[in-house]
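Shared between the two complexes below is subunit A, which has subunit B as its partner in the first and subunit C in the second.
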Partner chain A sequence: MLSIETLQEHPHFILLPKGEIDASNSVQLDESIRKLAENGAKSILVDGSAIEYISSAGLGVFMSYLEDFQEQGISLKIFSLSPRVLEVFQILGLDQLIPIFPEKEAALNAN
Partner chain B sequence: MEHTIQLICQTTALSELRKFLDKNLSQIMLSEKDKHQVTLAVEEVCANLIIHSHHCNGSDHISLNLRKEDDRIVFEIKDKGKAFNLLDYEAPDLKTVISEKRKGGLGLILVKKIMDDIEFESQGGTNTCRLIKFFGS
Partner chain C sequence: MIKLPTIHIGRLSLLLSILVWLALLFVDLVRLFGVINNLNSGIAAEFTWVLEILFFLTVYFFYNYNLQKNAQNEFLNLLWRAASTGIFASAAFLVIQVFYQFLGDSKLGQEPFLRNFFYHVHFALISIFLISTTLLWKKLILYQKTKQVVQQWQTYEIGLLIAMFFVFFSQNTFGYSFIFGFVILTVLGGFLSVNLKWIPYLTFKEKWKSLLFLAIIIICSVYLFLQTNAYSSAQQTYPINLLDNLFLISLYIFILIYALFSFLVTLFNLPTSSVFEQKLTEAINFQRLSQSIQPDEDEEKVLDILMDSSMSASFADGAWLEMYQTDRDQAILQTRWIEEKEREELSKLIESNSAAQNWAKESKADLLNPLPLKISHPKFGSLLLVPLVINKSVIGRMVLCKELKDGFNKEMVSIIETFARQASISVENHRLLNQAIQNERYQEELKIAQRVQKALLPNNLDHNKDFEICAYSNAADEVGGDYYDTFQLDQHRYAIIIGDVSGKGTSAAFHMAQMKGVFQSLIQLNLSPKEFMIRSNAALSRCLERNHFITASIFIIDTLHHQVCHARAGHVPTLFYRSGNQKAEYLGIGGLGLGILRNMQYEKHVEEKEFTYHSGDILVLFTDGIVEAKNQKSQQFGFERIRALVEINYHLSPKEIQAKLIDTLHDFVGGDGLIDDDYSLLVVKFN
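Let's turn to the complex of A and B:
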């Protein structure tokens, strides 16, 4: 089960996925990010504190936006991942490509 | 110790797979980190078969057998259909995944990084993929 809340803290948009992200539901994450970008968001933060599990399907969603967002000047950051979810990013080295922060404040303050 | 589950070829079966692994891996002396990683790797192979070999056809099934041996744990995944030999698959590098905006391709990189050995055979229309994790590796 996955639910995704979107919160606005001007000028940031915060996505809060809750549950397990796998190949059955990663499209929800994809749609949430795409909608924000289409609606003009320039700063998207993903609050990862309630992500219980992530497979490559979820990681692939984040990866697929890296280039486009760089070109469009959209910032995508992730914060508060649990150690075991963070570990999945680290196994693939994605933590070197996507800005990941231990907590929200650090994500908000980073350029 | 040996356990088997049959999964319907739909992605909604992946959560059922995780529950099966969570329950049965709890009886095995693996660290929490290893349990999580092998669960991820087994799910990636099953998801790949369900989506790419069976096109999420709900009338197809794959089976997973989990077996503990002296020094290892063996996950044997069987399906009938177009053979997908993980050993022949050249995983894309991350740059290719990014530049082609692929949402797939990462899963099998994970499997190869997590598992200690991978075996594949196809006989009489049945494909068998074995993922092996040695204790203490």
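Let's turn to the complex of A and C:
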């Protein structure tokens, strides 16, 4: 099960996915991020505190925006990941490409 | 054992009846000889009567058997058999009469023995005609029989049997008892004669034929009856009376009554037979519609039958059928007796009709009934719109046109509605069946894919005596995205790779096959692990979908120098057990998954490391399916369990270690818990 909330804290948009992200629902996450980008969001933050599990398909969603966002000047950051989920990002090496922060404050302050 | 020859009842009874008849003839001729010469032949009349009864019975058995054997019992055929027997008997009779006319008063004409011979021939012919016709009537009477009718018939047969023996009692004289028996049998026969259920099933043409046959039967039986009476009145030279028999006379009356009834009822049924035929055709059409279409046939065949049946049920002058393909796009499938121009005119009239508009808008397709319309068109006066509903949606409509105004009555509409429903069900079944066949084919294709994919994983893992290796892989679906392979670079050097494609199922399987191609091509270039990953990333970046990536770990084992060189691309870390300190640890090395960074930047994100191995050291390569396998409490199997298991079981062979790991994994997940990801495991142990 996955539910995604979107909050706006000007100028940032915060996505709050809750539950497990796997192949069956990664499309939801993809749509949420794409909608924000299409609406002109320049800073997207993902609150990972409620992500219980992320599969390779979920990681694929984040991965697929790397180049596009770089070109369009959109910043994507992730914060408050649980150790287990963070480990998945680290193993794949995504932490080298997407800025991941321990908590929200750090993410907001970083450029 | 003595094998008894099989008794042929038909032939036996025929032979017996001929023998009995000859015996009867002989006995009576002997008696006649006695009468003429005033000698007492000493033969009692009862003897003749016994032979007579025997003759009746054998003829009865012969015909009963004969009729049962001939399964072809069409009504007309039965009638024709009775009529032909009658004609034959009458003709034989006529010939005898002509013969006597010809002889006139000559001596031969007066010869009593010859006369007696012909008397017996006559007796035989009449008996055969009466008994065979009665048996044919029995067939007709017992058509669609009820228990009651069968009982009536059996009573009648018992009555007839008694009548055969009546002659012993009455001594061949007319009396009240004779009349009493005769009346009872006639009444019983009359009761049976109302069973005429076969008549409605004749077609119009068949009715005419049966009228002809019945007329022949009536004429023949009347003629034969009169002749019998003529014999009876001229009794001078016949020593014994065979014909004034209650049995025979009752049969005469019965045959005559039934033939008359049948004749009259058939005659009066003639005008209504078209209605009955119509109903019968409708029933047959309905049956044809309900027969499911074969998968290789077209559903048009059913629609064809629907059109024909509906048109014949409503006497329509024209019709067409249209199927809605997509919104507003209509395909005219079939037209009957109607010009394209007329059809277009009528379509416009329908569209402008408000009732038809409402009808077309009806949202609940189940409630849609055929709609009769009045229209003002130079040729046609009324229309009937019939919906074809499949799975609660209207898939098409049939339009029936009649030149008459108000041409469609309630009965027609309801039968056509039934036809349309049945046709819709047939079409739906046909579609479902095709879908099922399609699905089965997909299943079959998936099985092939599974087989092909299994073949992509190596059967024999390259190694030499310096290390042992074993592997295991399991896919969550039919096909999966896990990959492992080996390659012998030279005499002492071996490459081992394990990989995992993001996602699972068919798309993962395709990418896995690409990975195999990349590995098998690049590994031959004798690249270092890091260089291998960089080139793989470049190659895969061109063929992976945007949101897909592959993780992999590659190891190059040099058994001459006891060195292992490796690189990791986003793959779960490999466990390395050192026999020196009896500890296992995960190899810490950085590296980004393949296909994530699709440019030259990737070079910065991959490393290469080298280490020395010793005898007893173990490498455990696996995919994340094992680490992330969850038990019922949603706990992951995790890296720690694998590490601990290897430390405990280090002394076992790779195969045993592998089995231990997989068994423990299954126990952890729980009895019927499923691991919903692909998982693979490779164990290498150095000697």
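One rule holds for everything that comes next: the second predicted complex is superposed on the first by the 111 of 111 C-alpha atoms of A that agree within 3 Å, B and C clash if a C-alpha of one lies under 4 Å from a C-alpha of the other, contacts with A are read in each partner's own complex, and residues count from 1 in each chain.
The rule is short, and it goes like this: a residue touches a chain if its C-beta (ideal position, glycine included) is under 8 Å from a C-beta of that chain, and two chains touch if they have at least 3 such contacts.
Computed from a predicted structure; not experimentally measured.
Once the two complexes are overlaid on the shared chain, A:L7 sits clear of subunit B and of subunit C alike. Judged by the touch definition given at the top, the superposed model places A:L97 against both subunit B and subunit C.
When the shared chain is aligned, subunit B and subunit C each come close enough to touch A:A57.
Judged by the document's definition of touching, subunit A residues 23, 30, 53, 55-57, 59-61, 63-64, 66-67, 84, 88, 91-94, 97 lie at the interface with subunit B and also at the interface with subunit C. Here subunit A touches subunit B in the complex through residues 1, 20, 22-24, 26, 30, 53, 55-57, 59-61, 63-64, 66-68, 84, 87-88, 91-94, 97, going by the rule given at the top.
Every residue of subunit A that touches subunit C in the complex is listed here, in rising order: 23, 30, 52-53, 55-57, 59-61, 63-64, 66-67, 84, 88, 91-94, 96-97. Residues of subunit B that touch subunit A in their complex: 10-12, 14-15, 18, 32-33, 36-37, 40, 43-44, 47, 50-51, 94, 97-99, 101-107, 109-110, 113-114.
Per the touch definition, subunit C reaches subunit A in the complex via residues 500-505, 546-549, 551, 569-573, 590-593, 596-598, 605, 624, 628, 634, 636, 677.
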